[in-house]
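After the structure tokens below, expect a handful of questions from me.
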Amino acid sequence: MSFPKGVIGNPVFQLFQKTGSPIESFGDDPLFARAHRRPLNADPFRYKPGVTSRQVKRRVAVAINNCEISVDISFDSTYLILASAFIMAVSGVPCILAGAVAGQRIAMLLTMLASIAGEYAAVSILFFNASTTAYSVELPQPFGEAAFTVDNLSLLFLLPLYLVVFCAAIYSPAYWPARKKRGATRLTIFTGLFAASMIAVTIARNGVLFLMAWEVMAISAYFLLTADQQNQETERSGRVYLIATHFGTMALLIMFALLCAITGTFDFPPRCSLALASPYSTAIILAALFGFGGKAGLMPMHFWLPGAHAGAPSHISAMMSGLMLKMGIYGILRVLTFFNLLPPWVGWTFLILGAWSAVGGIAVAAAQRDLKRLLACSSIENVGIIFTGIGMSLVGMQIHSQLLIICGLTGAFIHVINHSLFKSLLFMGSGVIIHGAGTREIDLLGGVARRMPVASALFLAGTIAICGFPPLNGFIGELYLYAGAIQDGISNPLPLTAVVAPLLALVGGVAAITFVKLYGIVFLGQPRSDRGAGSHEAPLQMTVPIMILAFACLFFGLYPVALVRLVSPAVISTAALSAETFDMVSSVVPLAPVMLANGLLILLGLFTGYLYLLKLKKEPCEKNSTWGCGYPARTPRMQYTGTSFSGLIVSQLGTFVSSSKVSPDMHGDLLPAKASFAYEATETVLNQILTPLFRWTGWGFSYLRRIQHGQLQVYILYIIATLFTLMLWRGR
Amino acid sequence: MTDTIIHLLAVIIVPPLLMGVIVKTKAAFAGRAGAPCFQLYYDLFKLMRKGTVFSETTTWVFRAGPVVTLAAVLVASLLVPLGRHAAPISFSGDLVFFVYLLGLARFFTAIAALDTGSSFEGMGAAREVTFSCFAEPALFFAFITLARLSNSLTLSRILTHVTPDVWLAAGASMLLLVGAIFIILLAENCRIPFDDPNTHLELTMIHEVMVLDHSGPAFAMILYGAAVKLFVLGALFVNIAFPFSTGNSILDWGIFIAAMLGLAVAIGVVESVMARIRIVRIPQLLVGATILSAFAMLLMLR
Amino acid sequence: MIAALILIPLFGAFVAFCIPDNRWRPVVLPVVASIHLGITAMLLLSPPPPSPGGWIWLDPLGRIVLLCVTLIFALCAFYAVGYLDCRQERSNRILCMGVLACLAAMGLVTVTQHLGLLWVALETTTVFMAPLIYFNRNARSIEATWKYLLICSVGIGLALLGLLFLAYSTYVAHRDATLLLGALIATARDLNPAWLHAAAIFMLVGYGTKMGLAPLHTWKPDAYGEAPGLVGALLAGGLVSCAFLAILRVYQVCLASGFEIHFFRKALLGLGFLSIAFAAVFMAKQADFKRMLAYSSVEHVGILAIALGLGKGALYGALFHLLNNALAKGVLFLSSGNIHRMYNSKTTDVVKGVLSRLPWSGGLFLAGFIAVTGSPPFSPFISEYTIISSAFIDGRYWIGGFFLLFLALIFIGMAMTVLPMIMGAPPEEIESTGYHDRLLTVGPPLVMLCVIFWLGIRPPAFLVAMLLDGAVLLGGMP
Amino acid sequence: MNTFADQLLVLVMLINLVMLGTSRLLFSIRAVAVQGVILGLLPGLVHPFSLHLAAIMTVVIIVKGIVIPYFIGDAVHKARIRREVEPFIGYVPTLVLGAVFTALSFAFAEKLPLAPEHEELLFVPASMATLLTGFLILTTRRKAISQVIGYLVMENGIFVFGLLLTEAMPAMVEAGVLLDLLVGIFVMGIVINHISREFSSIDTSRLRALKEE
């Protein structure tokens, strides 16, 4: 992988060269601009057969001289983004050199710094039209040169990325202190690599470069999520993850090879440059759907996701769920933009898979007993919603409905940002719970809010946001999707897309169940075990990042205009529309009244609350135990549990998730032994399809393995047989 | 402006009356005199003056629950047109906002119930959120149908668009729609056949059981919120089922209030003649409502 | 200079024979290896012209293989010092001598242009490797040695017959039997098709046995499994490369003939696919991690064969992959040797939680696994993807597709063995074997890993040029 | 001259069949030795005399006729076994197979055009038949010694063909081939010694510990 390797004056900087237009700021000085442009375009490092090492050396010297003039490059936004990726990538190095404890601190500072720089660059491109440039980097031989470019679609994914990485960086040393826990070095090194590779994924403009970044991302995620390596369960889910992601990458390998077969180069084709009729376009789209969809956690390729997110350290889960899944979405969007026209089935496939993931994901989430598994499954749901939005817009392109295109894409993109925010918030919040209470089992927790008031309030914000309730940000994205769906119901003769609205409502309803369960059982009531009772508030370093994210959720909820402003460039460029069309069509969802209504809601709530507080102050409040309906000997274990809370809905959604009883073993010596009993949520794809498939394959293989059965004489027979076969082959 | 003021007044004043009418109707069916129609007003005033008992297990969430619920329901009430009059707040897409506000209210009621740590209240919360998640798709199918009729995304437009002419043109569809919305109305407000709101005992297994531990002003807020919710959903129903308009603003308000009282009587009648169905049947009934409204939409496509 | 390449290791073997002290003898290895590396470097930077008779010439293909051999050997030599230090209970005289003699023979393989001489050198390596496999002196290792010796001897015998066929075909063509590559290529068009066909098949089977193409690979798991990790690395990195070079020579002749190449490519594709299929089947549920490495070697040999069979752009990938595979296998074998030392077992029911007990070796093994399965940023990714993409670009997507499918299956099999072994909690009851990671046993594989990392990001220009030249010799696009 | 060469080649093929039919190891070893000596004599019959040829002939006779049989005989002595018991396929079937393979080799030889001066010679069929006989012994016999003998027979088969080229091939290569063969057999002998010590038997069908299952 290649990352920007240094700053000005460093010879390694020569890996990069500007190929874009010079920056306007010094355009008024023609002399300088020319002096600047020529040498930089002079391509110092492109490999030419026959270039001897001495020649190369001279070229380097020339290039270094060029660098000394071109100081202003550091203000280029693309450069800043590349530099941020580089700093993140190497942020773990001090860990090796200076020891884990100091290294972790340094890495934190470096990552924070890089995130701020990157976010600054991203914002300045997005809001102030700062210039962007293409930097090219030389790839190993047959793949030529490749470019890093930032465009609107990249920015959409970069913006939340920097924010979440920033938060995770603050969070990390407190959550996984090198002083106390094993594996902090590994965690630090790979966290930086992970973040950097995701940045590289979003800005790479070449198939091979993309794949390299992609794999670095996937593999560093593996090392991150198995940080708790001695845990059997984590090891297993890590393995499932690695295998799943490898399969996905295989699909991507095919996809980029086929793209190369069409265009003749591994560089990304320009937007809308591929005709539908070009050979392999179906194969390309299917491979992309498999590869990227698998990474995004789209059903039915989601099976790796719950385990992987659950076992990872919490801030890693936050980054994986909030950011890495989005890379799958980014990838598929990027591939779709290559085509000037898409076959009709694409949109519907997206829509159906998205809807399936949304409903199935939240159904599985509702059944979970593990705090982080629940959040992970809910990520499947959210990815499903995003895919539904994309599918909606693709269908819109099919039927030439600008409204559907814009509502679908806007909704999906807003949800991309929103999900990054609130899912990261929730995962980091769950980390606070694990840190305080030491367990992820929902049914063992309870009453955490009394011991962690700050964390519980922040977590509540995330919960409300993810359910899509106003006045937080989750609502805005869904609003666009609903608007698109209902508008389709109004104007389309055969409004199939309209079904999205009731489906979203169902998903929202189950999400509400899931998160009421999560919040209510974990934070409220009384502790159900000693673990829950022993919890304590987390250090400030862990709560501050959550506060930042919660603030972002609130801000975007109350001021959705900002959110739309963030995604509109991406929507406009992805859908190939003009800004005017976007403004016109997107006004179907007027944001001002939404803001007004949200404000009213908050004011009314505050007002009522204020009156109520006054009243409470005035009147004496009595403390008593909860009404036990006449039963005097209540214990905390009698409280409603998470499993029973979601039992009703799980029994109704049996298609997606089934709850199997783990039967107790009652055999004792004389009397039945002490036994426990539990419900386990089983997943259809992993437990009922893949695992048996693997078992059968292994079984079949074990027959084939007799070929190698140890008898030397037979081995020699193989040689003769091969010889004869080859002899006869041509004879036929 | 006048309409807005009347709207606000109606929303604030009328809801408890509906509750009273329902109770009165049921009493009449049972052959009793029954509590006065304004009983809920008295109860609310009484509760407002009372002190509060808090469970030791509760946190600030328990206190916030009734407040947020009431605020959300009140804001929701501003989105629904009453009679033939546009709502004070109305914007394209407000129907989504409306549904999600009710969701927010439900969310806070449920977590407040869980905050007590009581298994009964937990059970009630589980049922409340589960059943409403079946009701919401039905509501959206209905909204799509209405939106298609009126070519609009605002509640005010799609609800006031329904006129007797529309009924004549798309009668079958409208009939299915009204049936579906009536079921939703009963389900969302936890009336018979879904729940028995009569007692505050644990026998009432859904809504009322959730609020067992609330007392004093908080309980008043909850009762009042429930009444407003009934009023709001009722208004939704009345707008579709009773789309008569005289053209005179004041007269329309009168018609509306009368229709609402009529609805209350109808609910009372239903509660008197039906028994509560078994819990396991409830999802089936709600899915039935979804199918009804989906059919309504299909019929509209022809 | 080229003579030194062969004579210095032989001299080293003699010195090793003379040194009586078991502790000091292994030091000869790094000394010789360093000199060898230095000579190689000089030879690579300024390749000498062909010898007058045309027998000796370090052509680009030979250079690539020589680079593989010398790199692997140099690192293994340093490793050997550390490794043999832990194995003081056993005389290492034969090991040191055998290894050095092999180095000499392998050097000869790379520099000779005479196919007969190449055969002799290759057969010599076969013979000298046998005592190395028997280093552990137990029933299992004797069995492995016996199987290795007999199967390879039979195979190499067939190759000899093929060679004789080839020589006879030249005799039939122009009354002057020759096995010099240059002459063969120049006159290949006149050769008799029937003789050439028979020769190609016999040599493919013969050298294929040595290289370990399925179903001729049967000696591999046994030999790799029972030999010390050090020998495994030399077998997988050095010997396989030499055998591959022999097949490349045959390929060159077939290519020059113009007619035989079509069959030869098909045969390579067939054997290659059979190899990766075998590897996929045998890697699943493989409990012995060293045998697993052997099957991985079968897999990569299959990849090389497929790449040759594909031709065109894949040739560059094949040559690059040769180097990458040698180094990646080196990482795996050397670190697996350390793990074996630590746990005194090579089955995964005992070996668990390596990363906790041996962070360096375990980490290296894991990284090697990632590299060898073709994940960036390591260079096997570059070479494998070159091969895969060229299959797709040529429109042979079924080949590419099945290739990837098998690779994926292999990945699963390997992951199911490697990951539980490296991760997880170490067994508590295991007795301490006194082994611990130290510079000499961890450094060499680490260097190998760094090299493939470096090659994966930025292969040096001279290497790229060399590989391109090699690909041109094989008929790839310039 | 050529007819004499052909008669010797037929003798080689007969020795093949003898080896397939016998169970006594020492007898087999002697047969291989005889075969080796014949191989040593053959070049003199088909090629004009030269110093190079004489040297090759001498070396072949020494290596194949004396040294290698001595090594193997020694190994047999040390392992204290006399005969091959229970081969995988019985002696009669192997003999029949051997005959079939000999016939096949003649068919195979038809397809390969020889140089004019070699046309009436039986080198190719004799070589293939010997090679296949070697394979047969390798795959059907259990004892390690028998397998070494099989390998030797196979090598002899290859050598038969090589004789056509003795003149054309450089001495260095021939010498290398012989040396390799010698060392190979030597190493095999050592390994057999170790096997018999380790397993107290040289029955290779017992060497089945290394397998997949």
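Per-chain residue numbering starts at 1, and chain names A, B, C and D are given in the order in which the chains are listed.
FYI, a residue touches a chain if its C-beta (ideal position, glycine included) is under 8 Å from a C-beta of that chain, and two chains touch if they have at least 3 such contacts.
None of these values were measured; they are calculated from a predicted model.
Any chain bridging subunit A and subunit C, meaning touching each of them, is among D; the list is complete. The interface carrying the most C-beta pairs in contact is the one between chains A-B. Distance from subunit C peaks, on a Cα-centroid basis, for B. Rounded to a whole number, the gap between the C-alpha centres of subunit C and subunit D is 30 angstrom. Taking each chain's centre as the average of its CA atoms, subunit B and subunit D sit 100 Å apart.
In terms of their C-alpha centroids, the spacing between subunit A and subunit B amounts to 39 Å. Note: centroid distance subunit B to subunit C, computed from Cα atoms, is 77 Å. Contact with two or more other chains is made by no residue of subunit B.
Across the assembly, subunit C contributes residues 146-147, 150, 154, 198, 221, 282 that each touch 2 or more other chains. In subunit A, 702, 705, 707-708, 712, 716 are the positions where the chain touches two or more neighbouring chains simultaneously. Pairs of chains that satisfy the touch definition comprise A-B, A-C, A-D, C-D. Contact residues on subunit C toward subunit A in their complex (touch as defined above): 146-147, 150-151, 154-155, 158, 197-198, 201-202, 204-205, 208-209, 215-216, 218-219, 221, 263, 266-267, 271, 278, 281-282, 284-285, 313, 316-317, 320, 353, 355-356, 370, 373, 375-377, 379, 381-382, 385-386, 388-389, 391-393, 395, 397, 400-401, 404-405, 407-408, 411-412, 415-416, 419-420, 423-425, 455-459, 461-462, 464-465, 467-468, 478. Of all the residues in subunit D, the ones that touch subunit C in their complex are 111-115, 127, 131, 135, 138, 144, 147, 151, 154-155, 157-158, 161-162, 164-165, 168-170, 172-173, 176-177, 179-180, 183-184, 187-188, 191, 194-195, 198-199, 204, 207-210, 212. Considering their complex, residues 702, 705-714, 716-717, 720 of subunit A touch subunit D. Of all residues in subunit A, those touching subunit C in their complex are 1-2, 47, 49-51, 53, 56, 138, 140-143, 208, 211-212, 215-216, 219, 226, 229-232, 234-235, 238-239, 242-243, 246-247, 249-250, 253-254, 256-258, 260-261, 266, 280, 283, 694, 697-698, 701-702, 704-705, 707-708, 712, 715-716, 718-719, 721-723, 726-727, 729-730.
Interface residues of subunit B, counted against subunit A in their complex, comprise 48, 50-61, 63-64, 66-68, 70-72, 74-75, 78-79, 89-97, 99-101, 103-104, 106-107, 110-111, 113-123, 125-127, 129-130, 132-141, 143-145, 147-148, 151-153, 202, 212-213, 216-218, 221, 283, 290, 294, 297, 301.
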